[in-house]
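There are two complexes below, and they share chain A, which is joined by chain B in the first and by chain C in the second.
Here is the complex of A and B:
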């Protein structure tokens, strides 16, 4: 139940963010994280809000800090790229995309960063012919409050399917699939079989 | 109102009107219709509709009546009888959702329209001949040396296909047989797969990797698949021309938006050789490249170049309303 409420709050936060109400957005994500402490989406959005200086501006009170727009987020994202942190840039661009859906400059940067990140994920995950298997007990997995797509991909990991086939059969694009696998490996929920 | 009232009103019209019952039997025809189709002072009431006309006119009338009854809406068609051309409309007559007959109005057509239609018919044959010739030419350009010619032939075939399409549409509009304009829609995932397949061999020869990033569940988008395919093939070839060996070019498609306002964004991402240049320069180059395709496609295109991450040409298409 709390997980469902957390999901709802994450969506509500995105909606609020989309209409420029950053205060309500951050509140929603914070409440979502209180309800589901491991929720990766709520954490990502809060991290991105912190990187963009939204959280601090809100703490400072109304009228403090720069007005947050897709342009300011894009500028921040470029800054992250200069600092060679494409993950942070990606999170900021996702938020910018929420503020200005379909804005072609934001979408272009999103795709360029996706390509850069995909290369990194592939390098980290390794040989696509290698098999992958679940490496954590169900109770540990459930603590992570996985998003629906991550849960689906995890359910497809049977220890015999190789990474390349898993990505092809996931029904999502390669970037999404590799991003999830990379995160699952980092969280030690799955492991690549040598 | 008595039964005779509408009949007497219709009798004063100088336009032939024929009413058929659900069994396809003439239930009423006004004097103008009787004079033109049967003979002055005679009546065809009680005749099957099939007996009223001969040859092509009979076929056109019966087809239109059948279509009007099955669709439940009016059907426009053209016939020529006794040296006169008619723009006819067959409309179903319904009562409490039950079809009780059909009324056919024969409006004498303007000669200019007929001239247009004759011209469209004249155009169709040479267009088909050109398409056949290009097909044969394409078969002769299978070798690697002829790749450039094959690309030109493929461009010509796409262009011809568009001419045929718009010619048919214009012909439908003039003949009045066009259904309410339905905006074309396309499956973005399929279009990008086909565009990638069209250039794959060229990429292989140049040892440049072409990757597709698209989920299998993209919404349909507004626009013409042929046009978008042409645009993407041109973009991919243009990108290949500036790609260093062992480079990778990515063709992606994503669904974006919220609150019922959705779009599909298609991107071609690459890291070109040498200076990436400013976004404005590459934007101008791409706009020249795709010519007037964009305006026909009703899409928006933008190229962004950044030395930190590369270059992207992004095309935004409005998502089509889901069909029921």
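Here is the complex of A and C:
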């Protein structure tokens, strides 16, 4: 039940962020993390908010800290890229995209970072000809908060399919598929068979 | 010399077998499965997927995934079967240059022999992986009712796959071979073949090594997939009512559900209850949703009993056509994975009043028979061969629109018959001949195999020239024609080219394209 509530809060936070209510967004993500410690999405959004100085500004009180606009987030994202942290930059850019849908510069950066990340994911995941298999028991998996697309991909991992084929049959773009596989490996739910 | 493999090129699934140490072995694919879906897809990232990989993305990438291309092979665009497939298929089917249906995948047109060739090539590589050596020769099975064009196209598919098809045999004949039936005394056999997408019933008479097809019937749009569809619908409705979860329209959820339903259906052939458990099937405001549902055999049987009854109507029709009674049937052979279902076995046993044969897996029985035939073809010591008969009359069209039969249906093949042609006008230099296959009296109701023109007839009064035209049906059921002018003794080279088949040039081009790895132009390997 608490996990379901956490998911609801993550989405509520995103909705709040989309309409410019950063305070409520951060509150939602914090509560989500309290309810479901380790929830990757809540953690990512909070990290992104911290990186962008949003959390700090909120704590400093009204009128303090940077103005929380797409421009601010874009600037912070550029900083993250300089620090070679495209993952954080990507989260910031997603948030920027929520604030300014269709903004060309944000979209260009998103495309660029997506390419960088895809390369990183591919490097980390390894040889696409290698097989991948489930590494966790069903009860452990069920404790995770997986989105339906991650659930779909996980269901296709049968121990005989190689990574390249898995990406091809995933029914999603390569970035999304590799991102999910990378996260599933990090969470030790799946493993690449040497 | 390499081994000859036997391939059951099915509408839904294909299977490959070989004789190893005198015993038939059904060869598993890389995933460990002994059957491989006859499916081909171009994935969203431009990759070619064959077999299980294609099947696992068939719903999420329906537009670019082809299944059941066998229903279309060797058919003309105008045929009702083609139009039904156009209506029901999720992929695009267009009219090809040879009046044949072609399939559009990833923006490229594929001919049906090409799709079949891709599946055959997959089966070839499954066999090569197992045998550890190249395989170049095969026996391929086809439905008993396939006409010359469909058989020719299947042979062409083999060539595209890099296989020499030594023999094309009828599926029910292969099933009979697998059980070693008909070698001693005369027997009547019913072969009930309920595959994934088609249902065929054949009544055979076997004796002295010859298989006569007394009658065939069936439904090319009825099979195990209809059972799956009913179960999926039931699950969708149940979770909607019970959990308020509407998964219609969610392609990823439907893909998982379809796979799970098929597995549950198979499980229910051996257990009374099975569980469908699909975690993280969807997300909503409350978070991840999971699908858990128990399905009983009774529920499944209730969902599909009318489909089984429908198949029995075809059985009745076939038995009547064959002029026999159910009690005249000596053996009942089940073919196709769907016949594992106890309800199907019970219904068939009740109809014929005897239990069906057991011993060979129903989804492997046809490939097993093909492998036995393949080994016999290269083994000079092996005397046991079942000879097929031609399934349809072969004839020519007369000037008044009728058909003159030259070789009757159920004639043992190979067979050769000749017919004398002459002219109807003085100094006539050419005669056009239309070759037909079918049982109808009117020419236009039969299948036009092709037409040719006899040329260079020496000028003479009408009725004087004597041109002997010989019609052969070879071991594969494929028609060949040759002509000889009796006055001059000169042979004429005649190519009977049916519409719907590939020209030699097109075929050779495809063979070249696929020879070295087979990557298609503009496509990622």
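Everything that follows uses one rule, which is that the second predicted complex is superposed on the first by the 194 of 194 C-alpha atoms of A that agree within 3 Å, B and C clash if a C-alpha of one lies under 4 Å from a C-alpha of the other, contacts with A are read in each partner's own complex, and residues count from 1 in each chain.
The definition used in the following text is that contacts are C-beta pairs under 8 Å (C-beta built on N, C-alpha and C of every residue); 3 or more make two chains touch, one makes a residue touch a chain.
Please read these numbers as outputs of a predicted model, since none were measured by experiment.
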Joint occupancy of chain A by chain B and chain C, clash or fit: fit
Chain B versus chain C as contact partner of A:38, first or second or both or neither: neither
Which superposed partner A:176 touches (first chain B, second chain C, both, neither): first
Chain B versus chain C as contact partner of A:165, first or second or both or neither: second
Touching partner for A:128 - first (chain B), second (chain C), both, neither: neither
First (chain B), second (chain C), both or neither touched by A:6: second
Contacts of A:154 with chain B and chain C, given as first, second, both or neither: second
Contacts of A:82 with chain B and chain C, given as first, second, both or neither: first
Closest approach of chain C to chain B (Cα atoms, Å): 6
Residues of chain A that lie at the interface with chain B and also at the interface with chain C: 171-174
Complex contacts: residues of chain B adjacent to chain A: 211, 213-217, 248, 250, 252, 254, 256-259, 261, 263, 265, 267, 269, 300-304, 306, 308-314, 316
Contact set on chain A toward chain B in their complex: 14-15, 18, 78, 81-82, 97-98, 101-102, 104-105, 107-109, 111-116, 118, 171-176
Chain C partner contacts - residues on chain A that touch it in the complex: 3-8, 11, 138, 141-142, 145-152, 154-156, 158, 160-161, 164-165, 167-174
Complex interface listing, chain C residues touching chain A: 30-32, 43-45, 47, 49, 53, 56-57, 60-61, 250-253, 255-256, 259, 278-283, 285-290
